[in-house]
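The following pair of complexes shares a single chain, chain A, combined with chain B in the former and chain C in the latter.
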Partner chain A sequence: MRSPLRRAFDVAAVFIVALYLAPIYWVVLTSIKPTIAINSAKPVWSFEPTWEHYREAFVRFEFDRALLNSAIIVLSATFITMVLALFSSYALARMKIKGADFMSLTILSLRFMPGVVIAMPFFLMFQRLDMIDTHVGMIIIYVGFGLPFAVWLLRGFMMDIPRDVEEAARLDGLGWISIIWRIILPMSGPGIAVTAIFTFVFDWNEFLFALYITQATAVTLPIQISKMIDLYNVLWGTISGAVVMQLVPMVIVVFLLQRHMIRGLALGAVK
Partner chain B sequence: MIVLEKLHKTYGDGTEAVKSIDLEIKRGEFITLLGPSGCGKTTTLRLIAGLEEATGGKIWINERDVTNVDPGDRDVAMVFQSYALYPHMTALENMTLNLTVRGMSKGDAAKRAQEVAKILGIQELLDKKPGKLSGGQRQRIALGRAMVRSPVCYLMDEPLSNLDLKLREQMRTELKRLHQRDRVTTVYVTHDQAEALILSDRVVVMDKGIVQQVADPVQIYERPANEFVADFIGSPSINFMVGELTDQGPCIVGKPVGNGNGVRGSGGVTIGVRPEDVLFAAPGSGVFDGRIEFTEPYGGVVYAFVAVEGDRKVIKNRDYVVASLDLHQPITIGASVGVSFREQRINLFDANTGQALSNGR
Partner chain C sequence: MAELSAAQRAASVATPRPRARLRENQVAWLLITPTIIILVALSVYPLIWSGAMAFRVENLFNPKIGKWVGFRNFDFLLFNDDTFWKTIWLTFVWCAVVVSVQLVLGFLLALLMDTTMRAVGVLRTLLVIPVFISPVAMGLTWRFMFEPVSGVINYLITSVGFDRGAWHTATDTALVAVMIAEIWQWTPFVTLIMLAGMQGISPEVIEAARLDRVRGWTYLQRIVIPLIWPVITVVILLRVVDSMRIFDLIYVITRGGPGTATLLASVNTYSIFQSGRLGVMAAYGFLIVILINIVVFAFLRVLYRQEKASRRRAPARA
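Up next, the complex of A and B:
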């Protein structure tokens, strides 16, 4: 039998989950409500579902392009961030570098800077370099801004990998690259999954840099959604449809990687 | 053949873990590094493996100077105390990685692993991952990983210490059997003297980063090179007694204790006698008289603790002379006995330096 305390925790958990899910439920609901039902003063509970808002997002707001831009920029940035983070966090975790702790904290502290402080110089630099409103420019910013946290997070996971296992690999004749690729990478599965999720989600939702740097060609989802609010009008239905479409890839990514987060936590490396 | 030449290791923090070790390990030999925790055994082994860089001296493996060679190119295999298996690979992959990395085909490598698995009795485990295996099974996989390579030498760092007692004894026998079968040079690290004495062709006793003695197990036990070795080996430990050297040989409180292997001279000596070489006779007929204070039965033997009568401190390292007796030898607690020693088994040490006098090393 479960103790009363345990039951109380269960109830609390359900309540909290409901609290978080409620707005999502509302957004999904709004995205398929007819505009009249949305704008009605009283809540409308029964209505004819419509795909109108989704169509509107694509037809009027070129949502397909924003979706593609976001996909290209965020996936590339996440991938590059992860590759770089993998190597540098390994170096900071393992190699006998003087002041590795200090270094990783310094790197992380870059992340504490307010975004605007970085956005302005980037804007000026990119102007000179002709990289305003380009995919490459956005990827560089996201990698640069996301890397510190990714390195710091991944380093923590890597320090938990027993040294013996790597040493066994060295004696087995593996070089550094092979050790990272064939031993460290599979063994840091959970760490990589967590780091990749954080990086992806941050980049996917990022607004400030995209606002400064993109105009038309490289416009990302959050920026495009913001355009659905103009001086006279807030297109609640279209926004909701767009938000749902923005949410879906995130949910997919988290679901895909979550499996790896759990797997590997109980791997029997030692004893 | 492995040669360590004035091998020295000082860690970055200034710890001098290994101080100028000279050692020749013969081909096919099973040699054990034995010593208390922190004496530098693991460091020495890791230096041979190439996992630590020597700060002085040289390492030769089969006439090749490998002092600055990568671990992977030294052709040595290591068995770790923690087993250090790759958790994301099956037992088979664990065992074959070192073969495929060196260019052997997957098929050949698997065949080789099968052969070794058969010797170790682990054929059924090959498709399992380490997480699904027991400690003893992991130990065998780790051993198998070393064996498939047919390396110049196995390096083992306390490989049995994570196993429970029964399994440890079983694996110890297994190691002995494997070594007698294949005669692969093995450097074995342990702090367990039983393991060292049972397994080894020769034992290297270390203390504070310095080799104290290198000899076969019998020699180590019967003719320790100094007081440290004498004290470290044997359980219960050896009796050290205060003695003096005369022209007639060693004496305790003026009474001669025997020939002392012909050592003559003058001055203080420490006389070392193992518990099983302590003999009881009628009071007055031994070297000195004592009183049996208490006993500890242990399997087939019983240890008797004898307090020396008189005021002088005779026993150097504790309050009693410890004698190891047959379980059925009649003894009475509180009885007085004359204590004497088996003459040929007496060890003499310089009272100041602790170095053995009887065998001269």
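Up next, the complex of A and C:
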């Protein structure tokens, strides 16, 4: 039983959400517009779509390398983060360990640390270790950067798994490794997937550390895109193409996460 | 899983408790130690390093001149550097404006979307997209839209009769331009979390309010807001801390300029880094951490008190 007013609100909601995404339509549209149409003072609505800007991004701005760097760094970092988080979050969620709650909160508090404070020591540390501008260096930073959030989120998911299955397995004589491997891992599947996706998102979009640490060989997508505007700030078509390529995976991610995204965004405070 | 004999089963159950507990504890530490080592090495250690650097003169380009100087860096920032106070002030203004606008817009949008309409799931998914897109990508998109000559925003506002603005390229409007981009990107986050809170209100409460003819503003004030208050607290806290740390969005739109118009604390630390004065930068970072902690702590206290008060205000039925 919906009142006419509510119905009007529903229509308004649809319109507002559709309109809200206008900047995204605009950048996608710009990325396939011919350059003349982009630079026109009046927006041009009818044009021949072109892939020129995407090609340009690869040919002139070594986009392939940035894409590959981002893929290598982000995927490796996500994988390592998840392995570490899986073990430690299980211990924090389920095992008898002194001060588990305090430890979890301390780990979470690291998520709030401003990146600007630790980026500089990282730079100096990496300078001494000769790891500036390396993939390994970036992977290490991203593991440290993503771990607090991953442990916290995954711990929340693990606390939701019913205990009796685990108890039964223990009574059947399963060791810790087998319990984690055969019981916890399959049962926290969605939690692991959601945590991994969030970790991927944060690393994929990360800018500050990459700005400090990368120079040429390990440059990630966000850095490469921001370099494009430093060099030629009129090449909006090519920049738009690059932006679209960087944001497409994130749009896919949103559809993958669906109802789980709130939990991740609110640090598990809202389920 | 091997079948166990009755004897083995009995043995495993009958294992003395203290011993079992000890083993579990050891396994737990084994599982958790790698994470702790990594976090200490990658967060705590750099933080301490940074803290120590704050009391030194260090130059990025000339490592040989490093020496301990006590509180000189802090003294310089707090009493001799006008930029410092300007950046702190800007950060506060930024945080206050951005977060409050996001809260109001986010709440209104959540009310609009708190409906039984079938499409609401799709709307929610679409609306959250900005939150997941990198600030670099969205910052550049906004910068392009704000372009004074060819930008679409000036086109739109001139076509409805307003004057064209210089947006991010002028000192008096740059901060507003960047704020718009930030507000646009994070309002959906506020909406979504508040919406989740609203949808968690039990139907009986809503029904009871309807029967009592509690409607409109009273309904929001007496039922909705008190019931979703814990959720609002989380949103405010996350938004305050994250908006104070803002870096990438501003970096790609204005670099802190023009002049110092958008030079927020985190952006300024990068320019100090580029100038090579690492000691000053570390001291700056130190002060930011203290500041964020004070703000978070103060907020938590205020919100906690308000929560208690709002619980008292809430009707007994709810």
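What we mean here is this: the second predicted complex is superposed on the first by the 226 of 271 C-alpha atoms of A that agree within 3 Å, B and C clash if a C-alpha of one lies under 4 Å from a C-alpha of the other, contacts with A are read in each partner's own complex, and residues count from 1 in each chain.
Everything that follows uses one rule, which is that a residue touches a chain if its C-beta (ideal position, glycine included) is under 8 Å from a C-beta of that chain, and two chains touch if they have at least 3 such contacts.
Note that the structure is a prediction, hence the values are computed from the model and not measured.
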Partner chain(s) touched by A:K96 [first = chain B, second = chain C, both, neither]: both
Contacts of A:M187 with chain B and chain C, given as first, second, both or neither: first
Which superposed partner A:I16 touches (first chain B, second chain C, both, neither): second
First, second, both or neither for A:Q258, with chain B first and chain C second: second
Per-residue contact with chain A, leading partner among chain C and chain B: C
Chain B versus chain C as contact partner of A:D164, first or second or both or neither: first
Contacts of A:R60 with chain B and chain C, given as first, second, both or neither: neither
Contacts of A:L174 with chain B and chain C, given as first, second, both or neither: both
Those residues of chain A which chain B touches in one complex and chain C touches in the other: 96, 169, 171-174, 266-267, 269-271
List of chain C residues in touch with chain A within their complex: 1-2, 4, 8-9, 12-13, 21, 24-25, 27-29, 31-32, 34-36, 38-39, 41-43, 45-47, 49-50, 53, 109, 112-113, 115-117, 119-121, 123, 125-138, 140-145, 147, 149-150, 152, 155, 184, 188-189, 192-193, 196-197, 230-231, 234-235, 238, 241, 244-245, 247-248, 251-252, 265-266, 269-270, 273, 278, 281-282, 285-286, 288-289, 292, 296
Residues on chain A engaged by chain C in the complex (per definition of touch): 2, 6, 9-10, 12-14, 16-18, 20-21, 23-24, 26-27, 30, 38-43, 84-85, 87-88, 90-92, 95-98, 103, 107, 110, 112-125, 140-141, 143-145, 147-148, 151, 169, 171-174, 176, 201, 204-205, 207-208, 211-212, 222, 225-226, 229, 236, 239-240, 243, 246-247, 250-251, 253-255, 258, 261-262, 265-267, 269-271
Touch list for chain B against partner chain A, complex: 12, 49-51, 70-73, 76-78, 80-88, 97-98, 101-102, 129-133, 135, 138, 145, 162
Interface residues, chain A side, partner chain B - complex: 96, 162, 164-165, 167-175, 178, 182-183, 186-187, 189, 264, 266-271
